[in-house]
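What follows is a pair of complexes built around chain A, which joins chain B in one and chain C in the other.
Take a look at the complex of A and B:
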């Protein structure tokens, strides 16, 4: 007996015990597969197809609906850019809720990828004196302007640099994405992001069954798990199909513009070439691809 | 040598005279037609000349119920070009009218003889589907931005078919200032999270 208490035997026994516990608990093979799956970035086409199919089945079981999970890659010759007209935004928050619905954000606990900051015209763009909880009868309010902030899709993203698990990266079309299966929930990226654009699932995300959006992308709006970080993906499930993001289409004042920066005929290029544009916290050299401009 | 040159000149002169004749002839014909056509519906040319088939117009906003076609009533009324504030009819428009109201009134945009069409400053008649051209007479910079998709909203595909809205989808032509909206609820405050 004494002799057996070596480190080697301990390890051997514990692994045997784990294995038998797992098989006794009837842990299904799919869950083990999911736990052991490789990073999306290095998966083969076959692996991706299988994982996407499994997810569709899993969601169908949970929500009793047909789902389509896409793994569409970036299009060639495309680099996405976004522009927001500060002279038009009236702070109505329609974009916030369109985004929540499109991207299956948790309603309880509440997660919102877009934050609309109300600022005083006298102070200019000043985050320290901005207010996200404004709630008057009608907007816009006298003497104020509004700066919606979401992921700035930086060309030089500090959040990607700090991730110890390589669970977040910048795609070839410029979208910074998260592989929720690889996120370990350390939240380093949240600390690194100067825009407060990343959000953590502190609780189990709740999405009403009838409100769930069944058109999904693996790197985008598929339901998240508790303990992972999420963020705006320029509506990757829409934009990789050629459609405009949900926030662009809902905006009642047409303040939001989106397109391919590499296309000289695009709206976004016209804005960059002809309007006065600014980026937030330029001094940090994050090189956002989310531009603010004055349309008038 | 000299004769030859004269001969050579004759052809272009003939052509020029012919063209001038054609020009005046056509103009007369056109102005003659104009009067006959005035009561007919003016059709839009191409909705947007600058863009190809990639862009489609959404429906213009609906008229107030029972108001269109205007000629149902106006064909029996003798037009009165005198600038005045309307009281008996269209008083709901008079009440809200706020579009350079010191200097402008109905017939600066609506045609006097054919109320079913709009009228440019040049006298050219315009259908309601093309109202953006009328707006663009004064708001040229906005028209320019709208044509390239910077002013106003586009929906559809960033790399393909887009739908766009007319100026009047968002701005009432009689009171164009964008109306204030009720904001959606603010995010939960941290101290209110249980």
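Take a look at the complex of A and C:
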């Protein structure tokens, strides 16, 4: 702690000298503080609490609403798993939009963490012949099935391995998270992800003021900035409070199942033990904790 | 103090020149400003000004970076044949090669900086101040090898010029050691850059063991092409002496490199097309397009045809030993590798994307302007250092000249 502090003040001193030009250009102390903020992963609990409190104030000032920004750590004895019943999914994309609203994804330019692929039953799971832009009057379409893809929360995540700044990591409960304040935006993780699960803020993200979700987690759905990468976090702001992810809740056909794989009584354990499950691109040894199965 | 005088002398050199020199500088400055305003726009609006999107998340910038790593690497690797065949002006070849390498590395770093979303956060990936993901991330390796390579070449080139400037004997042991370190480092920077792409099983197009060897082979085509032309210009306008035989020898070595590159590529193509797995899609997109998406085909075939013509021109002794056809070939191979690294290497890695979707990418106007800015900056820098080197090595611009000039100005002011 002591050491960290001294390093922090050292950095601050450097900054005051070097970035005085910046402050002239209209940066205030708060922005300099944010600029010098360290990697969230190596912060102490106290530092984390201070950071999220400051964020709450900042958002309140900006949106004129009360916000709750959590920094809740992973619960002991919990490892999250997800299962999706391909025989039930009708491709309605309600999960896509529920996710956008819950997780404060940018509406313009559009960012969506869930992509639903329409596939032909004749071909089976075949990405090369799949279509994300399907747009019929009514779903499901005859002869087709649907594969929603989001972050697979790999046990062996290639995105974490390649990140040059340790701005993304796997939490003890298995959720792969990004520190948006630490991400330099090099997009190496996007190149490494075999599931297209990572999305970049190519422009300044826009969220309508009245649609913003005020229940947030630092590593989850707090508003992102231009030039950083974001991804599905299994709704970390919900699931660490014992709630279901938004996509599980909204699914009208009950195709989405979620729970603690370490709990022998959980539904997810039942599915893993009794159904034939598959993971996407098994040959890449990413070991996803997002399973697909045929329930009926 | 001595070093400051050396720097002052160098600045004086670059400030004075012929009319053509000034015209060239103004031309570059105009390009820098034109490109710079494009980049400024990207800085304020975000990378949305480029045509990159989630599907194709790396493109022209990172392609240029890769190309320039090749140029930086090859410039120094040319020292090996110069040493083995005992070409006369070996010191000069070392100096100009290393200066080209220094400029190319600076351009590489600039291309990375314009490509990242938060350039001010670059320190997050640096050791000590940030949390560098070393040794796991290949980008951290790239950072180390590029910085080391840059420093070594900068030291050698500066030290040699400094010694000539002060008419001192250069530190032979130090220079030789550094040059011998920088040669394997040159192989290293390009290999690490290839591994950057290579180590991602999510992208089958790059996930081939031949990628790094192909990188090296193509670099040995494009890098010497620049020096080939530079040496001829130097020979015309200065006292720089390089025999025709040496130039032909460089060209001959380039033919070997081209042949090896061609051979590697054919091996790759055979494996992909004969096995005909799903991975063939990326090559199909590159060479023929998929469905109605043919936008990239023009790039790939122009690169292939320019490369093949250059190969033939360099292969036939008659055209190789004719300086006109030789220079045409040098320009063609340079352009061919540029298009190959800039577009044909990166884009098919992302198209179709990991979920099989096709997003058609071609560079946006902003990307072209930003790249123009960086290339003009690089050329400007290279012009300056070449001018300094020419003045010091060939025109006898040394400390005595400055001293006598100073005396003269003092006398005249008296």
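Going forward, the second predicted complex is superposed on the first by the 271 of 296 C-alpha atoms of A that agree within 3 Å, B and C clash if a C-alpha of one lies under 4 Å from a C-alpha of the other, contacts with A are read in each partner's own complex, and residues count from 1 in each chain.
Rule of thumb we're sticking to: contacts are C-beta pairs under 8 Å (C-beta built on N, C-alpha and C of every residue); 3 or more make two chains touch, one makes a residue touch a chain.
Owing to the predicted nature of the structure, the values given are computational and were not obtained by experimental measurement.
Chemist: Name the contact category of A:122: first (chain B only), second (chain C only), both, or neither.
Modeler: A:122: touches no partner chain.
Chemist: Please work out whether A:140 is in contact with chain B alone, chain C alone, both, or neither, and reply first, second, both or neither.
Modeler: A:140 contacts chain B only, not chain C.
Chemist: After lining up the shared chain so the two structures overlap, which partner does A:132 touch, if you call chain B first and chain C second: first, second, both or neither?
Modeler: A:132 contacts both chain B and chain C.
Chemist: For A:109, using the defined touch cut-off, is the partner it touches chain B, chain C, both, or neither? Pick first, second, both or neither.
Modeler: both
Chemist: For A:66, is the partner it touches chain B (first), chain C (second), both, or none of the two (neither)?
Modeler: neither
Chemist: For A:244, using the defined touch cut-off, is the partner it touches chain B, chain C, both, or neither? Pick first, second, both or neither.
Modeler: After superposition on chain A, A:244 lies in contact with chain B alone.
Chemist: By the touch definition at the top of the document, which applies to A:76: first (chain B), second (chain C), both, or neither?
Modeler: A:76 contacts neither chain B nor chain C.
Chemist: Of the partners chain B and chain C, which touch A:284 in the superposed model: first, second, both, neither?
Modeler: second
Chemist: For A:35, using the defined touch cut-off, is the partner it touches chain B, chain C, both, or neither? Pick first, second, both or neither.
Modeler: Only chain C; A:35 stays clear of chain B.
Chemist: Is there a shared patch on chain A that both chain B and chain C touch, and which residues make it up?
Modeler: In chain A, residues 109, 115, 132 are touched by chain B and also by chain C.
Chemist: Quick check: in the complex, which residue numbers of chain A touch chain C?
Modeler: 11, 35, 39, 41-42, 109, 115, 117, 126-132, 149, 158, 161-167, 182-188, 190-196, 198-204, 226-229, 284
Chemist: Given the complex with chain A, which residues does chain B contribute to the contact?
Modeler: 145, 148-160, 165, 170, 178, 180-189, 193
Chemist: Using the touch definition up top, name the residues of chain A that touch chain B in the complex.
Modeler: The touching residues are 78, 85, 90-94, 96-97, 109-110, 112, 115, 132-140, 239, 242-244, 248-249, 251-254, 257-260, 263, 266-267, 270-271, 275, 295.
Chemist: Given the complex with chain A, which residues does chain C contribute to the contact?
Modeler: 45-48, 50, 52-55, 57-58, 112, 115-118, 120-122, 124-125, 129-133, 136-140, 143, 196-197, 199-203, 278, 281, 349-350, 352-357
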